[in-house]
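Here come two complexes built around chain A, the first alongside chain B, the second alongside chain C.
Right after this comes the complex of A and B.
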């Protein structure tokens, strides 16, 4: 076992209690923005294009306006460029009236040819080895296995560099040339994107489902024509975001406009179908890899070409490539996005990284296989990160790697496979955040941050930082988050909320502690408070121990501490290394994959609350099972209509798909500050699953989702869909 | 009951091929309970159908606009004004003000709207409010007895079985009913028993732990 981890090591702040708001959630008392029904509520919605490409030939706006309950109908454009595109808006007394109004429009369309096949926009397959994007068309880069983040600027690789890279691959002892494909995954937030705006003339109150309290409020100020201090935005509870509730909110703008227009509270609530079509997705990818390897397991270098598959309105198909394995000559990578007549891209848990990691890890597996080396040994030989090197040892033991057998050495139709994959997540910089701690004479402590708890447990995190610093039972705490009139903080994107807010929470709590101890010292006529401390709810030191609640009685009114400063020692960057191991079974007669066990080792900086961290890690693993095995946005090839815009044919993982999962909270540096954990554990899982399936069946499945059909196709000798 | 009987009205044919959508949309003329679930038909025929008209069994007529229904929710009878095509889910949330059950997929694929009706768990988005008349409806809010959490709720708390929490009321209700039906389930039975509910944050492992713990605790 590693010196960095022991199974019984609490390491953390000793906080193992459930999240602060769990009772509200299990009793239904937690109020989400969908749960408010004010008087005189009106509803608004977008009139949407039902095809990938279509021109409106009839829209009877006058008839729609006359439909019972309809208040307002407006057509904004006549050309739809994706299924779900906004053609206009409608506002009505009820959801039923919205449906009736849209029916009365008697919309008719000329259906155009939708772009649904990315290959039609790409150069022929045989040119991919020498591919470099047209000028300005995408980034290029180099590094120990992949360029910089796709979709951003960069220098295009020169023909000489490309030729050298190709030569490095072909000149090695063995070479793998393969194409890996990933599909489009939708967020499927259970709470649909929704907002309720109540405009009241000189101010407005709004409730919305958002990953950024303050950014959302700021977007409402313009259509409301109010300054930010006149708009109070609430998102105390959010039913999942996964990245799709950051950024632009057309719903918020529409609800604001209609609330102003009719001087009534207006709600925009997407239907499940709209949610699938038009709230973003993880873009698909086609990744070409040509990499050489020597007999001793040294990776020679070569080419990595990534095509991101984005939606009609946006780019951002970027495949996020980071160097993880050593190469003799760095691989030369190129990237380009193609766009389909389909819903656009939004960030989704570790944007770009799972796509890339699937391809990269499958490639590593194929390289190891080609030289007959154990795939774990191959990674240990080539992984550049010392933390992951330690993780490999612990994880191998926990998953039982020694039981791994080649497919051909296993009897019977059910084959067992073991896989491993690595991941990481950049953690640059600290944004602004402010935390307030109030202490009242009855001993209550209020912790205030306007940041949102999107389910990751932010409310619990800031509360724990304060409760631990004060060393009082958390039952004294009231943590208030997710309202725009509370102290400012960042949006929940890029795994930054905890990292940014926790240092401020610690500092405010330290100031509060010093304040209370100062009051006690004064009361006890001590020269200063330097010898006093709080231990388990008691003030101790050179005095007779005093209960926290007694000390608080010394407070005149309330004590308030607010800080935006970064305390010393809390400002350095943290690491998010991770390694995941998978054990699974494949039925080679049916192609069905059953995941048996996952071991997820995750560096999280200073761990704060064990429950919230473990829940995020296991949740990311399970979402990864869905991504790797089941989920797929299926477009009608001719019309661009999404065939499975619902939750029964879009296959999210469910209870019966859940394996045993062992989350391991890793802390390599005891002085590391708090880090966030939303994104990192979703990086390696699809790669680890792909490698395990490869081990089980002896051939790679190079296209996700790795459905029974694709498993059988791979077994039948059909390698990848393109290569 | 606030349902008007007009037996001589000619009715549209009601058959198994009526989709839920067209069925609900067709309100204002005739509603047939037979198209949904046979058990509903039994209730309807016992209470409403004239004995002399077997061919019309289960067919009731409702006014298209505001209809006063009496629903017994969490032990309390409430008179609620609803549209005849209102789902039980919308009625519970909008009219009775109990917003614990959530609308997620609105077509019975996710279990987010699960409530208990006569002791069984149902997707309240798939049931019309009028079909719930005369039945015992329990929502997640109604599980609390004398200020104490139901053992299932307490176990969900103890095991931190929630992330964003949007699916949790549905999971709690389904787990309660499942444990009533199968008080000592195996892990495999729990998985199958909860397979109608989706948790996108994927807190499943904690949910299984909570249901296991509740199954070992006291029966309500």
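Right after this comes the complex of A and C.
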């Protein structure tokens, strides 16, 4: 084993404690918002456009209103601009009545020409090397990117800069000029977007599936016309959120409007088809890269042009470009978004990063190949980050990189490929959060945070912060999260939940510990508590050891500690580096890819709970397999209908598709802040898979998802390139 | 879905009578039907369920023949030692289909009678040829999963995993209506769209599939699917190869509107001893007459490989050399 990785070096708060809510979840006691069925419940839904571009020619609103159980029907507009677009709303006594009401509308449409092909909106391929976006279309970038690109305004690269970049590429010993394409990936939360709003005149209670308890509550205040203190929002349990449940919630607005209108609790629950059509997606991209390299592996620079593929109602197609490899002359980048007649973009786990990293890492692989250098050696030569340099060495051992062979040197149709890719994530900003710890005379400890547990294990995290600081058995702990009348916390976006809340949880726990030790000191008539501590549920020090429960009997009523303060040393901005290695097999006769093993090395700062951290890393790898190999929003070119708006033909990985995944918590640092782990491991995985496929078959597959069809096309000489 | 009356038959005669009255749709496991109801492709006033008739769930040997009741689930077949030994090709086709949960519900009768999974057919808002429209959207649309055999006018692929093995082995399908029952050769059971656009088999409107008979277990058999995903996915291409009465038979799945018996590949194999060269030749022969569309030419390569490997597997040889 390498000297750089010690299996035991994962301590800090290392405890392997299972999730606090595991029993609730597996027994069904955990109540999700759709488990609540109040009396007099009514339902509401959106009337949607089924085509990419369509004008309503018939909508029999009166007939729909007369359908049994229908309470309200309203057409808001007659022109739909994407498949799933909201044309109106309907409210009824039941889901069945909603469906019957929509059928009674007898909607008819004139179907227009949908924009489904991004290439039709782009300049001709031969102009891409010199492309600059129209006014305000995108910033110039430096050094293999230069920040997030696409639709953000900024200074466009000058013709002189572009000419110099092109010259740097063409003047090098070798040059790779390639186009990489990534597809649109839809959100596939297991629990659909849903909300139940119960308006009660002077206040309201709502239950929903959200990545932001407090933001959701605040949004409901407007249609309810209530102040925030009059709205109680619950999201104690959530069946997955990857960015689509962060921001806009038209469902919440509709449920509120109807609850107010009919003075009854109203639920909006999206169908699986609606989920696929209209809860946002990771935008697609077409990325042109032209980069030179010298024979010794020095990257010369060149051009990077990114076209983001956004939906009808939004931009946001930009790729998140982060320079990770040295270039002698910084690459000059340009970017522009195109829009399709299709559902819009929403944040998805490391927005913009996986699509850029796939292209960037494939390019590195091709550059290394062009000079005959081992692709790991190439990265080690050029990677700018010292942490990743160490990760390369460890990961290479764990994946067995020494067994890597060129495709042509392998016998038989099944070829083994190894790939590697790098990623990173900035941990900046520690927002606002408040944590309360209550201790009761019977020894019970209550930990309170209104922040939501989106499935990543937030409930476990805050519990662990307190249990580990107090060093008491977990059985004494009750952790309550995800309700807006609990202390304030951040939305779960940008991988900020843990790093924002954990420091406050530590601090509140320390204050609680000091409080209980102070009571013991007073009882024992010690001058102070400075020599007392809690060890494994016992108060020890200058006294006869006292059990935690006996110490708590000294409490009169309850002890309560609440803090919003950020402890010293827990608020500095850091980076979370990651490197991932992949080993896979490609059947070169069928193009089928089977992933055998993934090693994911992840910097997490101060690790709190190994179980949930490793779950995050593993989940990101699984999601990345789906992204790289299977998932694709397929639009009908003529009508803009999404052909595969279900989980049968929209292909997420299943159990047999999941390989051995080895998550490595990198060199835990107990003195570091708690860092991001939700998004960073999803950055490199598609790139690592693409590079491994390239190694296995000897040619790059430049278009995702890398299906058998595309692998065979690459092997057949088409190389998956567009235009 | 639209509301409907749900009738539960507790015996076959009652089901035949009710279904024969013509106002009900038939449901066994419901895997296919419920999808179509939810998408409002079907708006029945009533449904008669035969799923609870235990007497239709059996796998039994009758002399040389093996008889399988229509309500036998794919999971039951997967658990059958009889079929695993006597007909490994059919066993594997059923045991590897879909997901464990689906296999516990999906019946053999339903599997061979299910409607196509074509994404145009399955979408309420697309009025395709098969649903009475005038366009097969796959012809000029996204046809990566569509047919490479047959001349249309509809380019679905038949979705049954079990059917290719049944066609290859010359199975008989017993169907029943109020007037009695008849047996149809599996090869004659399925119909191409140029014969009937609106159905994939010859069943009359009052007929129920009650049993599948394998007259004699094949000497050898194998089933091979090539899929994108290994969990819960439909095959891109599949091949059933059996040796029956000394002669090799090849039938393909997921490449045509019916299970596609490959006369050319079967002829190449004839009654010969299997070799790697012969298997490869059968693969080449199997694509004779294929007419791929814009996005599915890759299936040609997959057919060649699937037939070659399935032939080798059936012969007990190494499939991937």
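In this text, the second predicted complex is superposed on the first by the 703 of 723 C-alpha atoms of A that agree within 3 Å, B and C clash if a C-alpha of one lies under 4 Å from a C-alpha of the other, contacts with A are read in each partner's own complex, and residues count from 1 in each chain.
Note that in this section a residue touches a chain if its C-beta (ideal position, glycine included) is under 8 Å from a C-beta of that chain, and two chains touch if they have at least 3 such contacts.
Small disclaimer: the values here were computed from a predicted structure and weren't measured.
S.K.: Could you look at A:591 and tell me whether it touches chain B, chain C, both or neither (first, second, both, neither)?
M.R.: It touches chain C, and chain B stays clear.
S.K.: Touch check for A:636: first (chain B), second (chain C), both, or neither?
M.R.: Second partner only, chain C.
S.K.: Looking at A:707 after the superposition, I want to know if it touches chain B, chain C, both of them or none. Which is it: first, second, both, neither?
M.R.: second
S.K.: Check whether A:108 is in contact with chain B, with chain C, with both or with neither, and answer first, second, both or neither.
M.R.: Neither chain B nor chain C is touched by A:108.
S.K.: After the superposition on A, what does A:661 contact: first (chain B), second (chain C), both or neither?
M.R.: The answer is first: A:661 touches chain B but not chain C.
S.K.: Kindly classify A:119 by the partners it touches after superposition: chain B alone (first), chain C alone (second), both, or neither?
M.R.: So A:119 meets neither chain B nor chain C here.
S.K.: Taking the superposition on A as described, I'd like to know which of chain B and chain C A:648 touches: first, second, both or neither.
M.R.: Touch partners of A:648: chain B and chain C.
S.K.: Look at the residues of chain A and decide whether chain B or chain C touches more of them.
M.R.: So, of the two partners, B touches more residues of chain A.
S.K.: Just to be sure I read the superposition right, which of the two partners does A:51 touch: chain B = first, chain C = second, or both, or neither?
M.R.: After superposing on A, A:51 lies in contact with chain C but is clear of chain B.
S.K.: Output check: A:96 vs chain B and chain C. Expected answer is one of first, second, both, neither. What do you get?
M.R.: Both chain B and chain C are touched by A:96.
S.K.: Indicate the residue numbers of chain A shared between its chain B interface and its chain C interface, in ascending order.
M.R.: Correct list for chain A: 96, 648, 653-656.
S.K.: Under the touch definition given earlier, write down the residues of chain A that touch chain B in their complex.
M.R.: Listed in rising order, the residues are 18-19, 21-32, 34-35, 37, 96, 187-192, 237-242, 271-272, 454-457, 611-612, 615-616, 618-623, 646-648, 652-656, 658, 661.
S.K.: Applying the document's contact rule, which stretches of chain A touch chain C when the two form their complex?
M.R.: For this pair, the touching residues of chain A are 50-51, 96, 99-100, 103, 412-414, 587, 589-592, 594, 629-630, 634, 636-639, 641, 643-644, 648-649, 651, 653-657, 707-709, 712-713.
S.K.: Quick check: in the complex, which residue numbers of chain B touch chain A?
M.R.: Against chain A, the touching part of chain B is residues 83, 85, 93-94, 97-107, 109-110, 112, 139-141, 143-144, 149, 153, 156-169, 172, 190-195, 197-208.
S.K.: Would you pull the chain C residues touching chain A in the complex into a rising list?
M.R.: 1-3, 40, 99, 117, 119-120, 123-126, 137, 140-142, 144, 226-233, 236, 295, 298, 301-302, 305, 320-321
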